[in-house]
Amino acid sequence: MLLINDLSFYRNNNVIFDNVNISLANGQITQIKGKNGSGKTTLLKVILNIIEARSGEIFWEGKNIKKNIFNFYNQTTFISDQYTSSRKLTVYDNINFWKGLSYSQLNDNDILLLLGTFNLKKYQNTETMYLSAGEIKKLELLRLILEQKKLWILDEPYNHLDNLSIEILNQTFIDHVNNEGIILFTSHYNPPINKIDVIDFN
Amino acid sequence: MLLINDLSFYRNNNVIFDNVNISLANGQITQIKGKNGSGKTTLLKVILNIIEARSGEIFWEGKNIKKNIFNFYNQTTFISDQYTSSRKLTVYDNINFWKGLSYSQLNDNDILLLLGTFNLKKYQNTETMYLSAGEIKKLELLRLILEQKKLWILDEPYNHLDNLSIEILNQTFIDHVNNEGIILFTSHYNPPINKIDVIDFN
Amino acid sequence: MFFIIKIFVFFRRESKLFFTNITDLFSNIVFFFLSIFIFVFALGTDEQLLKTIGVGIIWSLLLLSSILSLRKFYEEDFNNGILVIIHMSGISYELLVFLKIISHFLFVQLPFLISLPIVSIFFNLPTNEVYNLIITFFIGSLILSCLGSISASMNLLNKTNFSLGGIVVLLFSIPLIIFSVGINNAESELIYLINLLIGIALIFLGIAPWSSAAFIKLAISNK
Amino acid sequence: MFFIIKIFVFFRRESKLFFTNITDLFSNIVFFFLSIFIFVFALGTDEQLLKTIGVGIIWSLLLLSSILSLRKFYEEDFNNGILVIIHMSGISYELLVFLKIISHFLFVQLPFLISLPIVSIFFNLPTNEVYNLIITFFIGSLILSCLGSISASMNLLNKTNFSLGGIVVLLFSIPLIIFSVGINNAESELIYLINLLIGIALIFLGIAPWSSAAFIKLAISNK
Amino acid sequence: MFGFLINPSKFNKLADIILRPLVFITSIILIMGLFLVYVSPLDYQQGLTVKIMYIHVPSAWLALLTYSIMTFYSILCLAFKIPFGFIINKAVAPIGATFTLLCLVSGSLWGKPMWGTWWVWDARLTSVAIMFLIYVIIIFLSQTFENREVREKTIAIFILIGSINLPIIKFSVDWWNTLHQPASISKLSSPSIDVSMLQPLIVMTIAFSLVGLIIAILRIKAEIIIRKNH
């Protein structure tokens, strides 16, 4: 349960957003839509406390996240718009690194399976800088399943993906929501998932 | 009129694509679709001779482009998937640079108008690194109109754009096609434009 | 226990990044040797002269080489946004900086240590000076790594200007140079000077994490 | 006519990239001064010694500073893909490299020229040596810019390893250093040596564009 | 009571009250100091050049003092988020730089007759030169970043890092045996300097501090106004 209370953010005295109130219950999937430059990406970062809010509070499971930020992070996966894989490392090394960071319970076999569903198996030992745009995006999205966290926060996850991958991602979303997970994502594309709450952010 | 004849490209002895034949008549708009990693981006670059083909020829208005590559470039705008604006320069400086490179006939007023339609006017004197993802993409797309070339080649132009901008882009495409322009683009999104030729690239 | 795994994973990644192949390590050292050649050519090959200024040259070049490797610190991870991912996995920025300093020390600075005895031969340095050089370099390069971290993180804020960070390193390493070169000229009091050097290292190990972390946080929130 | 506009536009952009503000220029020079401080400390402050090795130090430092600014050459424009855009506007890669070399010479190297007289005071150099230094530096820095271009373009191929390009610069600049420092020691034949230096500069101005362009093309097709 | 030290509006109020009397007092003390310097005895070794001391030592002390103040405020504004510190830092840095420059110049003017050269690479002199560079970098940093938050915090952190130079300046004469005079006045127990020299020195120091204070007040007021407008 994530509760966002009167969140505001200013940059150089310009309002980016003001008094945002959002509440995300378990099993809820929420999409933020809005014009370019309306502050969606910034909002996600402020929610994650990567950028400090100007005012307002965020509660995770009833507790202010600032009290124990790592407790909050511990249950959150953030897939940003940028690529976070190291370009010089192979796909396998990157996955291994993420796995180590998140105490993931998945073993090597699971990971191979995962790579298989995302059609990345043959690139296992390729440096990520040689992957195509969509393939890198898929590699990033792998973290969702790898880290097994409860709260997923994603910035434009559908970019670059081909139709098959979009379907897989949608299915992943649905599964997560059915398992009482919480999803918050921004996108200009409307995925065909039932019961998406849309926040219009303008 | 762009004619692509038996184009092949290999990377480290792996086929990326083989014997591709495409012909683009004036006033034609063509979309390349295909799985992630199927080689769409690479194809565009090979067509533009940024990467050298392994075999095959490309003819622009009946002449092999290799004979006089700058003559071909002179009538082509390429909007790549990456951002080509210098992050440290302001929006205005970037536009001015592109303008100078392409002998654009647009004057300052036209450019302001253009910035207005893309909702970028207020960022005129902002460094592009401070723009949001969609805003940078729109700035890139500005080059289409700025350079006034006949052949437009675009790699995933719809990424990051909000609905309004997508409409504007579609309208721009339609106008260009009506003026006998040629458009070749890749995208996973299907824009609602009549008479798009789709090349399935798998 | 889990935390140790995390730190181990961190170092494994760092080492892979530094040594994608062995040439990297090697070329750093070649670079160092070549710059010494340059100096020898520039200053003339008078043997007595070389002996006098040998330690000084070696130190200054180590300093400059470590400025060259500044960008290996944070730049790429910052641009990728992976610093944030690491942070979100439960590692505070201060600890992150500390780990980065250690890995820079291990993977960039220590390989130079190997090359020191060879270089000393060029300058005909007496054995005890080589010995002192190695000891001081060991401590000194830790200080250089701290300084490097500070200025690399400062550079994240100002991407146009690469010199700015370099200036910080140079500015604060002046006392370091005075001490380290001084050690070789001092007849007695070696222990005293080395203690001083260790003191400086500890001070910088205290300052670097929080100041680098502050710069990084600032850079991330303004990216 | 149109072509001249294009080149003008190119230089305007370069100058904006180099000098977003005057601090950038300034900090380059401060960096240079500081590294001289470092050397003075490291080598000891014996006045006679400083006088002997002054020119050598100044030259080697100019060399190292220009290695530091290597990344300003192509890296960013390459990563952005803007090199391709510039090329597609009708500027061949060879010309592009040539223009980049000139702008590096103008915006990075020449500002050092201003600082040379001041530096000479530190080392108590006699006037005629300062004069020679400025002339040789003027020609030499053009050579350094050419070398910088070659190694910066080489670095595009191997992103892990920053030293590799530096090694190339150092390797090829050994003859340069020998000549330039030699000029100040030679009693006669000054003109002869300067002519030689000009010759080297011309050779490099011939080699650098096509070899850099070749590296850049290779890098672009493998990106 | 000390609210004016961290609160801009309180500072403004107080400054308005004390500025005029302060200028008045300062002029008197300055004139008195110059007079005392004029009548102070010549040194039997150094002759007239000893009078450089009355500029050199106060400016050296004030350069150090200014930096300490900046360090103090940097800690305040970073740790306790008190933005007034940023104003102080920006306003005070050029003053400190001037004092440092004054110390350097007067020192080298003094050095020529005393040591025979304008400049030696001695630890004290070098660490002061470094402090001057730090001041200059601080001043330039305030023009480097467009973003105000980035700029101010960077400067504050930089000041803190640079503050390790302070003890080095202070104790350099004890740590290395150098050409420079070891502390003789600022020794806490018993100053080893003649009273006839100590008197003008103290008065000059007070005068220098007051001049610095007045300039600081004016610059801080200006800075507060600039900040309000943005």
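Labels A, B, C, D and E are assigned to the chains in the order they are written; within every chain, residues are numbered from 1.
Just so it is clear, a contact is a pair of C-beta atoms (placed from the backbone, for glycine too) under 8 Å apart; a residue touches a chain by one contact, two chains touch by 3 or more.
The structure presented is a predicted model; accordingly, all values stated were derived computationally and were not measured.
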Leader among chain pairs (count of C-beta contacts): C-D
Distance-maximising chain from chain A - centres being C-alpha averages: E
Distance from chain D to chain A - Cα centre to Cα centre, in angstrom: 45
Separation of chain B from chain E, taking each centre as the mean of its C-alpha atoms, in whole Å: 60
Interchain centroid distance [CA atoms averaged], chain D/chain E, Å: 39
For chain E, residues that touch 2 or more chains besides their own: 126, 133, 137, 144, 147
Touching two or more other chains - residue numbers and ranges from chain A: 87-88
Multi-chain contact residues (two or more partners), chain D: 17, 20, 23, 27, 30, 34, 37, 41, 160
Residue ranges of chain B touching chain D (in the complex, touch as defined): 48, 50-52, 70, 73-74, 76, 78, 80, 82-89, 93, 96-98, 100-103
Residues of chain C that touch chain D when the two form their complex: 17, 20, 23-24, 27-28, 30-31, 34-35, 37-39, 41-44, 49, 52-53, 55-57, 59-60, 63-64, 67-69, 71-72, 160-164, 166-167, 170-171, 173-174, 177-178, 181, 185
Complex interface listing, chain C residues touching chain A: 2, 5-6, 8-10, 12-13, 16-17, 20, 76-77, 80-82, 84-90, 220-221
Complex interface listing, chain A residues touching chain B: 34-37, 39, 41, 81, 119, 131-135, 137-138, 156, 159-166, 188-189
List of chain C residues in touch with chain E within their complex: 150, 154, 157-158, 161, 164, 167-168, 171-172, 174-175, 178, 203, 207, 211, 214-215, 218-219, 222
